[in-house]
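Shared between the two complexes below is subunit A, which pairs with subunit B and subunit C, respectively.
And now, the complex of A and B:
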């Protein structure tokens, strides 16, 4: 699972491609008579893809929408006459006290802390590596780029296996911690939340009275637990995997920056840090927005790593909405509730995607001063 | 990618702007210090990125005990091929074969269907062209994870569950690939095709004999992406099938990891399995890395 898949690139690409594509044939040739069988053949050309998309994307989503308002138990066809319509009951289950609500709240809490740590960390790591790699005086840049991007093209399953070993109780990570005198935890068996661990160091071991109130099925104290030790190892994996892809996005933007701006700053006596702080980072703002929103879209969907490494354990502290929707359906045969979760997740991600596309447009069609920079960037890219 | 740029040698450039020799020496010291700092950062991070794979390879030749007692040492105390031998007992060759079948069909299928659709969207006149482009973009926004249950529902409904067609056909959809091809065809001057049109070449002929051979670079990119994507495909394979005979490498190794093949850590076995499944993609990556790397970063710049 490459969090920055080629999809993102094309999303970033469509703006110009669609507008500037040469009009087939040109304006003289309006009207179908001139094209003979072309319109028919055109549909023959696109038909296979359209059929696959309709049959395996659009129809299934409509089926799932039906399942989410039905009482289908997983037996037979969800379209059979015996399956009943239950309105929004499956959605309502998450808004009234019970196991369903508790699990969903727990998964949202877990993913919230996951996103809160992964997105800033991977963005900073990607930006830092890109800034260093963009330095003109370095050699062997392509070697480093290759190394950092390699995890992004590797199977998520293979990477998860490697990290299970890295973070195993007697694995390499704990060995390194041992070298500096720290006794590492049993990562994947440790449900303690990091914030609870810190609170414990200050003597707050149990749920204080002020935090015992329940919000959406779990207590405030539980909401404040922080990411569990097990989740921290998944966070480490995801940051490690995705930083390389985002680094490439930053690098390509950096290469578009007009060198004259930096040269002028050097003449004016600006230090490297001042140049980064006052020139590079402001110029990269649209790219940073893109990377952050792509990060948000990717992290809220985290699934593979949880499936392979922890299955939501220990103590449900690595449960995520995507994994919960899977187990609710395939595991507990609560298909209605499982699909309901995925549609709620869908809504969240669509909102994030709309933000991301708006951010991409900003980056594509900057006005005024930024327009000139963009023009020079085009030359570089072509 | 920086090498695409022709720029004057900077050392010379900035030196000419300096006036006094003292500045020059201080500047030189600062520059050497910053280069050293940069290399330190790059090398430390590179070790963090490369060492896990080194340990993985080394541990796959260890015994279970050795992997537990000397986790950091990439060299086995006593090298053994036990892990690789055991792989045959857990159906690994079957998973490998299934992955090859799925990847071959998906890659060839995507190349054909994406270039046909991309050509039509770029060059042909038909009612609904704009609508199709918009629809493809809309469908791309659907997050993959949300499709898990829906895909199972339709495959189950159609009686395709647990078949190779269920594993292959839905994966043929590749909106990214359609756009890669469409945009590449957009860059080919219309005059090229116009000449053939005047000579009486039909649509199919112009596509197959003129445009497709000119789209080599885009076809390579598409093939590399399709290969990498389908070889690594995991989530689709856990909802399209469940039988032991249809495991691919991803689902098979995941099952191995989640303990469906007996207890014990068995890290050498798991790491050997993960290593073998990484090798084909790694080879393609090292050969075609410019494509992959440029597709990621360059595409974003080009817009």
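And now, the complex of A and C:
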């Protein structure tokens, strides 16, 4: 990241010196001489950030990459002469049938359902909260703003411990469910997948024959399990914690919307819902894309809640790639495989983010925000 | 207007910075936080006690122990100070918050603590990586229990001195026991009797027997049936045998009868909590239960019995740690001298009493037994037949998977648990 921006600075200053600013009466070459030292100066100015980025970002990533293709045993430097290169052996373990592959597949399945629920829920909740907070009729705005943002600035450990208590078998959540006559599950001990639970209600308890085929180590029936009951409580926690932060991003975008647009729409007789649907949401599209992108990247790496609350239990249904990478490295001292998992996770996130960006770009005219705003204005006016 | 339109851009920038940080967290290195000091010190080989490792005079020994409570920590610090005064050295005893992680970082950076505790289940992993200095020969005059020596022997060499050990026993809530009309004669000695008393003790709100849902508790039944997960030298999987399956089947039957349950089913974290809060009348736990009961459930009246016999006789599991010396230590001689100072019967009995565990040397047995109330001696009785943990290199994920399978009891067939674990383990150990 930092490197790219440093390059941008260099390109920008250089570009202006050479092409865009031919001084009156001066040939281009002279401009070059005048501004010739700018790239050097630019590098000097960004040097501290570059050094920090290289030392704490690039070097660790490259070292981890090396560990993932080496037989490093965790003793001494991974760059020592005794550490051997093993090619893709560490990765191969995950591409041949066996426990390692099953664990990775299970963790990807768990996290897939986690992302599938968390990202839409937290985005919708954040947008909803932001819309409410942005309404002119609401009083004590700053109180609510602080209240909603509070979970985001509280220690995730403290929140996780509170949720452990809330979701215990005799905890407040089950007490409230009990008031309306529902017998709550034993949340953190329940490995049943939600889809399996629903299928069970329709009489499908056993693995049906069509779903017994194995894909990447676990059966199709297992892939279709859905998030476990235990995972649902972690999903609730994460949505609750992160919605406040994304709400702030939405809120600041909302405050940037020109009041004239809404007023014009009111004059044209648009209802509140029409205004949200045809003005607010289209204008907020870039913000939504940002929130979804950040959400995708963050949720695929979920670690701390699992580390504190469930350690992958029950039945490995809260195992995530990040936590699996941790236990493989620190628990089993399989450093190569542990880092291999994190690089596969990295690749997965990159691919999914590219797909997500392509999908959002296609649907909308890519001419930028202003054009879109005009378009929506037209839509309302017509 | 112009101010407000800039805000999203600033936020976008902030968000991009956050994105960069998130990405860092993803690819970030694990464990080499300090690679500047790495290679020089870690390469000095496994031949401690030589000149480079220095004498005891003036040595600054660092000790990392996996204990949270201040009392145990104080006990070790007292012993260390006593030794340090005599040896003219200094000792810094630190409690570990996450032993695995702290040791991993120390090993990678080449500056691990000089002395630390290693669990028997992790010994081969650390030994195979060359992280430990095998000083067992220097301790050949100490009469450790042979089973403990086996637990810390890797590749034919004793790596470190067993610190102490704990065995599983049947912990009984004596109030509930008497309320159900049971006497000392009813203490179960066979599986059938265990089933009977558990059923008797099960009432509304009380489960007769609560068993931890891992191999570290359920495995005891395999031993009682004459089976175990691996063979004696841990080179072959033996869980897919009628004996081991019989042990799992016994647990399955207990659970199915409703007289036994896993802790989570009674809303407890572990068996000790279940019996401490009155949700269980019996549980299977080791010596650590004593300190937990003293701290959290001082009003609980309890006693320990030996685990009942299975078809193959008595069987229990043992858990132990040792005093390890880092191969990268600069103070090997001092570290060894300190550890040797701990192995007198008096110190062992004193330490054992403070920790609630059992001394690892046979010469301390008599003195220790004399000081232990009769209601707790059953834990020590298991020393003669206890089974140690599975510790072969690379078996950790297999054992975790086994725990996951055990948690699916009683729904999952024991034979399936066995065959799947057998297959998983063979991929690590090889063989058929």
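Keep this in mind: the second predicted complex is superposed on the first by the 281 of 382 C-alpha atoms of A that agree within 3 Å, B and C clash if a C-alpha of one lies under 4 Å from a C-alpha of the other, contacts with A are read in each partner's own complex, and residues count from 1 in each chain.
Everything that follows uses one rule, which is that contacts are C-beta pairs under 8 Å (C-beta built on N, C-alpha and C of every residue); 3 or more make two chains touch, one makes a residue touch a chain.
Here the structure is a predicted model, which is why all the values come from computation and not from measurement.
Novice: Once the shared chain is lined up, is A:280 touching subunit B (first), subunit C (second), both, or neither of them?
Specialist: neither
Novice: On the A-aligned overlay, A:316 touches which partner chain: subunit B = first, subunit C = second, or both, or neither?
Specialist: Only subunit C is touched by A:316; subunit B is not.
Novice: Touching A:338, do we find subunit B (first), subunit C (second), both, or neither?
Specialist: So A:338 meets both subunit B and subunit C here.
Novice: In the overlaid three-chain picture, which partner chain does A:141 touch, first (subunit B) or second (subunit C), both, or neither?
Specialist: After superposing on A, A:141 lies in contact with subunit B but is clear of subunit C.
Novice: Quick check for you: in the superposed arrangement, does A:80 touch first (subunit B), second (subunit C), both or neither?
Specialist: The answer is second: A:80 touches subunit C but not subunit B.
Novice: Give one of first, second, both or neither to describe whether A:189 is in contact with subunit B, with subunit C, with both, or with none.
Specialist: A:189 sits against subunit C, while subunit B stays out of touch.
Novice: Mind working out whether A:256 is in touch with subunit B, subunit C, both or neither, as first, second, both or neither?
Specialist: In the superposition, A:256 contacts both subunit B and subunit C.
Novice: Which partner chains sit in contact with A:329 here, subunit B, subunit C, both or neither? Use first/second/both/neither.
Specialist: Both subunit B and subunit C are touched by A:329.
Novice: A:98 contacts which: subunit B (first), subunit C (second), both, neither?
Specialist: second
Novice: Between subunit B and subunit C, which one contacts more residues of subunit A in the superposed model?
Specialist: In the superposed model, B touches more residues of subunit A.
Novice: Output the subunit A positions appearing in both contact lists, the one against subunit B and the one against subunit C.
Specialist: Correct list for subunit A: 1, 56-57, 60-61, 63-64, 67, 77-79, 168, 170, 249, 252-253, 255-256, 287, 290, 297, 301, 325-326, 329-330, 335, 338-339, 342-343, 345-346, 349.
Novice: Applying the document's contact rule, which stretches of subunit A touch subunit C when the two form their complex?
Specialist: Residue list for subunit A touching subunit C: 1-2, 56-57, 60-61, 63-65, 67, 73-80, 98-100, 102-103, 168-170, 186, 188-189, 191, 249, 252-253, 255-256, 258, 286-287, 290, 293-294, 297-298, 301, 312-316, 325-335, 338-339, 342-343, 345-346, 349.
Novice: Which part of subunit C faces subunit A closely enough to touch in the complex?
Specialist: 1, 4-5, 7-8, 11-12, 15-20, 22-32, 35, 38-39, 42-43, 100-101, 104, 107-108, 110, 125-126, 128-131, 262, 264-265, 267, 328, 394, 396-398, 400-401, 404, 407-408, 424, 427
Novice: Can you list the subunit B residues touching subunit A in their complex?
Specialist: Checking each residue of subunit B against subunit A gives 1-2, 4-5, 7, 10-11, 13-14, 17, 31, 34-35, 38-39, 41-42, 45-46, 48-50, 52-53, 55-56, 59, 67-69, 71-72, 113-114, 116-117, 119-129, 132-133, 136-137, 139-154, 156-157, 169-170, 172-173, 175-176, 178-180, 182-183, 186, 190, 202-204, 207, 225, 228-229, 231-232, 234-235, 238-239, 249-250, 253-254, 257-258, 265, 267, 270-271, 273-275, 277-278, 281-282, 285-286, 289, 292-293, 295-303.
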